[in-house]
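Listed next: structures, encoded as structure tokens.
Next come two complexes, and both contain chain A; in the first it sits with chain B, in the second with chain C.
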Partner chain A sequence: MDGAMHTDAKSRAETGTESGPRGPGCSLRHFACEQNLLSRPDGSASFIQGVAEKSREQLIRNTCEAVVLGALHPRTSITVVLQVISDAGSLLACCLNAACMALVDAGVPMRALFCGVTCALDSDGTLVLDPTAKQEKEARAVLTFALDSVERKLLMSTTKGLYSDAELQQCLAAAQAASQHVFRFYRESLQRRYSKS
Partner chain B sequence: MLAPAMAEVAAESLAGGRARAARTVLNQVVLPGEELLLPEQEDAEGPGGGGERPLRLNAGVRSRVRVVCGPGLRRCGDRLLVTKCGRLRHKEPGSGSGGGVYWVDSQQKRYVPVKGDHVIGIVTAKSGDIFKVDVGGSEPASLSYLAFEGATKRNRPNVQVGDLIYGQFVVANKDMEPEMVCIDSCGRANGMGVIGHDGLLFKVTLGLIRKLLAPDCEIIQEVGKLYPLEIVFGMNGRIWVKAKTIQQTLILANILEACEHMTTDQRKQIFSRLAES
Partner chain C sequence: MAAGFKTVEPLDYYRRFLKENCRPDGRELGEFRTTTVNIGSISTADGSALVKLGNTTVICGVKAEFAAPPADAPDKGYVVPNVDLPPLCSSRFRSGPPGEEAQVASQFIADVIENSQIIQKEDLCISPGKLAWVLYCDLICLDYDGNILDACTFALLAALKNVQLPEVTINEETALAEVNLKKKNYLNIRTHPVATSFAVFDDTLLIVDPTGEEEHLATGTLTIVMDEEGKLCCLHKPGGSGLTGAKLQDCMSRAVTRHKEVKKLMDEVIKSMKPK
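Up next is the complex of A and B:
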């Protein structure tokens, strides 16, 4: 089976920022990633978090927890704020990449970098990496993986739809190959940042 | 169909994961997750010394040099694990044994309190005998009212909420609340204490502060020649500056903030243009 990878022509952007922890006097919260969708990219606003957002938040939190060296900052909350500017598909993978870059930019000590890759399997078994929203809707199965940078190990996986054992292994292998491009992009952008000084 | 592409990619990824010697990566950008090998100790007693080499109990394991692990690096086994992104730096040992210090020079804005650092804090609360001072870390630092020069129980210092304080940390670790004082070990202020009411406080990255406080920094000498000014640098990324007029103060603040992204030539151009006007 041939694999196709879409890395460009995506109008998707996200900004990730990190805000400081709270001081004493208020009850400290557990290490949690909150997604308070006050404003959505299509212009609507909502104060109620849906179940889908909460589950996405939990997935990102678990990935970050596995990688951040929390022992160096006891009794401290690390907040990652992700604002969706436009959503053109593969939103969770995009959130994971933005969260990783935000943590690196803030100088939070981590034991590895991580990236997110989404695979879509359509009805005749074609594997598409980084699918658009339309491809995700028409796909038979959508799989998202979070991989770490040291040995491309799997940190988190979430899947939706119908797929066989062999297809899962194929998607994972394709995602591991694709993660290389993401890590190379991380390295290039960080080198460009440090080249100015 | 994926197999040959995968094999190449697998080989490349394995190559990326292998640890490299710290010496080969000096002054290059390193990313979290990379492992570095420490330099091995050179065998002082070479062969040919009359065959008097002592027998090692663990033959095959060469002892390594004692190296100090600075910010951004952690020990894992007998290797160094990089935990922050930045340039790897090394300092040779001044005297005696040891392999010197390795650290990662990272650009970050968030400050983590370190013992002995001089910082600028903002007083946020006064509760009984201590002031709570915001230093930009995860907890406000506590400052006792007796930690000023010439302060006694009867003679309290004149510190209000909202004042700027320049002090140093006496206790700063990850397990305890940071404590700061405005006197040195002899009881003298030595420049520390409440900073005057005028002037401007602004925030820059920690890397810029370290660059400006380096021994032969040209930027500070050039700025001094431009206008008469008072300036205080806090290691937590805060700079307080005061010149004769508000306009001069703002110009100085803008120059210092922009210094980070300018090359030496651009900076000299701007200074000469300002000196003329």
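Up next is the complex of A and C:
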């Protein structure tokens, strides 16, 4: 029941693996999300997990918990392992997309799909969707949203920098429009996968 | 009778109150608990503040020490926050290394400091490339009854306003720092970020300032950090049920009113402290 998914988003790539229901006697914890720091894309390795990684894990885990129908699999632990292969900006959004696709591939029942979109606001207020690492560093504010597929509601949001209320609504609207493209990509990828076999 | 029902069906018990647009402790859906703040209680710290939001109690102590500035920014100092949720504040925490909630809260406070630019790090520099101040902000929760992030942000702001740094001169001949403890200056606090937390119930209702029980029953949480110009420093929504843009807008307006309330309280306390 293991599933592996390779989502290629421009120059970024991630692999997520899913493990199915384990036997009884395992931990009572329902869900775990671990950001693997054992090997980084530049070849270095680290065993120390910082607070920033813990914070990111909590965001991804809570987003997954909101959509997964956990009640259908009691006494089950679902582990999502994300390995960063290369980071060229918008990393958290890519992690969310990979996690969603991996959950679909593993056949975990969900009430909706979700996708991650990043917006960057530069100093004169121009909105850039899906910024590169350079654009993120130079931006005044970077906002990452997770949106669900049913009603495009905001599931998760994390922001960096200062911005106004109006700019937030603008970014959210742009992210909701962009999420359509991501969901279409999901649909096409899955169609391709299941039409071959 | 009511206590039995509450234990067996906590969610239903809550829903009955929410239907009447109020909560078991008598508050409205948009009402905060009584906020009290006490500044300067710890004399051994360079700045301190104790904040109580209902039963939730957080104390913040700021210690200033010397350090060499970072190599890539020789004219900047450091502000290092740390949130500690010890076992004494709630039975859900065990002793040992910081749990996930404490780490997430520490990261949240670090983000708020970074995004809101509450202190210009250049102000903490004494001698570029050689000496700078590092402010260790330790936030300890003494009683956990929900809404820890709001209390921590307020405690941090109040403590930083209370910090007095002595004047430091570098002696030209010995190249050593000389500290003049008699001459102390307050920090230049540029903005006043205030956090407002909401809990989402049953995917639709939003309540402000959740208690510990309400957080446990909620299907999602949202924290908005706003400064006085209405600019947002942080919109922290770690998963949970979805929210539409319109609901977010309502939260923004509540955050604006909360900011005014907190600012007024802070100004009163600072004013009562001044003649010393």
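Here, the second predicted complex is superposed on the first by the 174 of 197 C-alpha atoms of A that agree within 3 Å, B and C clash if a C-alpha of one lies under 4 Å from a C-alpha of the other, contacts with A are read in each partner's own complex, and residues count from 1 in each chain.
One rule holds in what follows: contacts are C-beta pairs under 8 Å (C-beta built on N, C-alpha and C of every residue); 3 or more make two chains touch, one makes a residue touch a chain.
Computed from a prediction, not measured in an experiment: that's the story for all the values here.
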| item | value |
| --- | --- |
| Side-by-side fit of chain B and chain C on chain A, or clash | fit |
| Partner chain(s) touched by A:Arg111 [first = chain B, second = chain C, both, neither] | first |
| Touched partner set for A:Leu190, first chain B, second chain C, both or neither | first |
| Contacts of A:Ala173 with chain B and chain C, given as first, second, both or neither | both |
| Partner chain(s) touched by A:Asp148 [first = chain B, second = chain C, both, neither] | both |
| Partner chain in contact with A:Ile85 - chain B first, chain C second, else both or neither | neither |
| Which of chain B and chain C A:Leu72 touches, first, second, both or neither | first |
| CA minimum distance (chain B, chain C), superposed complexes, angstrom | 13 |
| On chain A, positions contacted by chain B and by chain C | 148, 151, 173 |
| List of chain A residues in touch with chain C within their complex | 51-52, 54-55, 57-66, 143, 146-148, 151, 153-165, 168-169, 172-173 |
| Chain B to chain A touching residues, read off their complex | 1-2, 5-6, 9, 12-13, 16-17, 29, 31-33, 72, 74, 81, 83-87, 106-110, 112, 138-140, 174-175, 177, 207, 260-261 |
| Partner chain A, residues of chain C touching it in the complex | 100, 103-104, 106-108, 110-111, 114-117, 219-220, 227, 230-245, 248-249, 252 |
| Residues of chain A defined as touching chain B within the complex | 1-3, 18, 20-21, 23-24, 69, 72-76, 104-107, 109-113, 148-152, 170, 173-174, 176-177, 180, 183, 186-187, 190-191, 193-194, 196-197 |
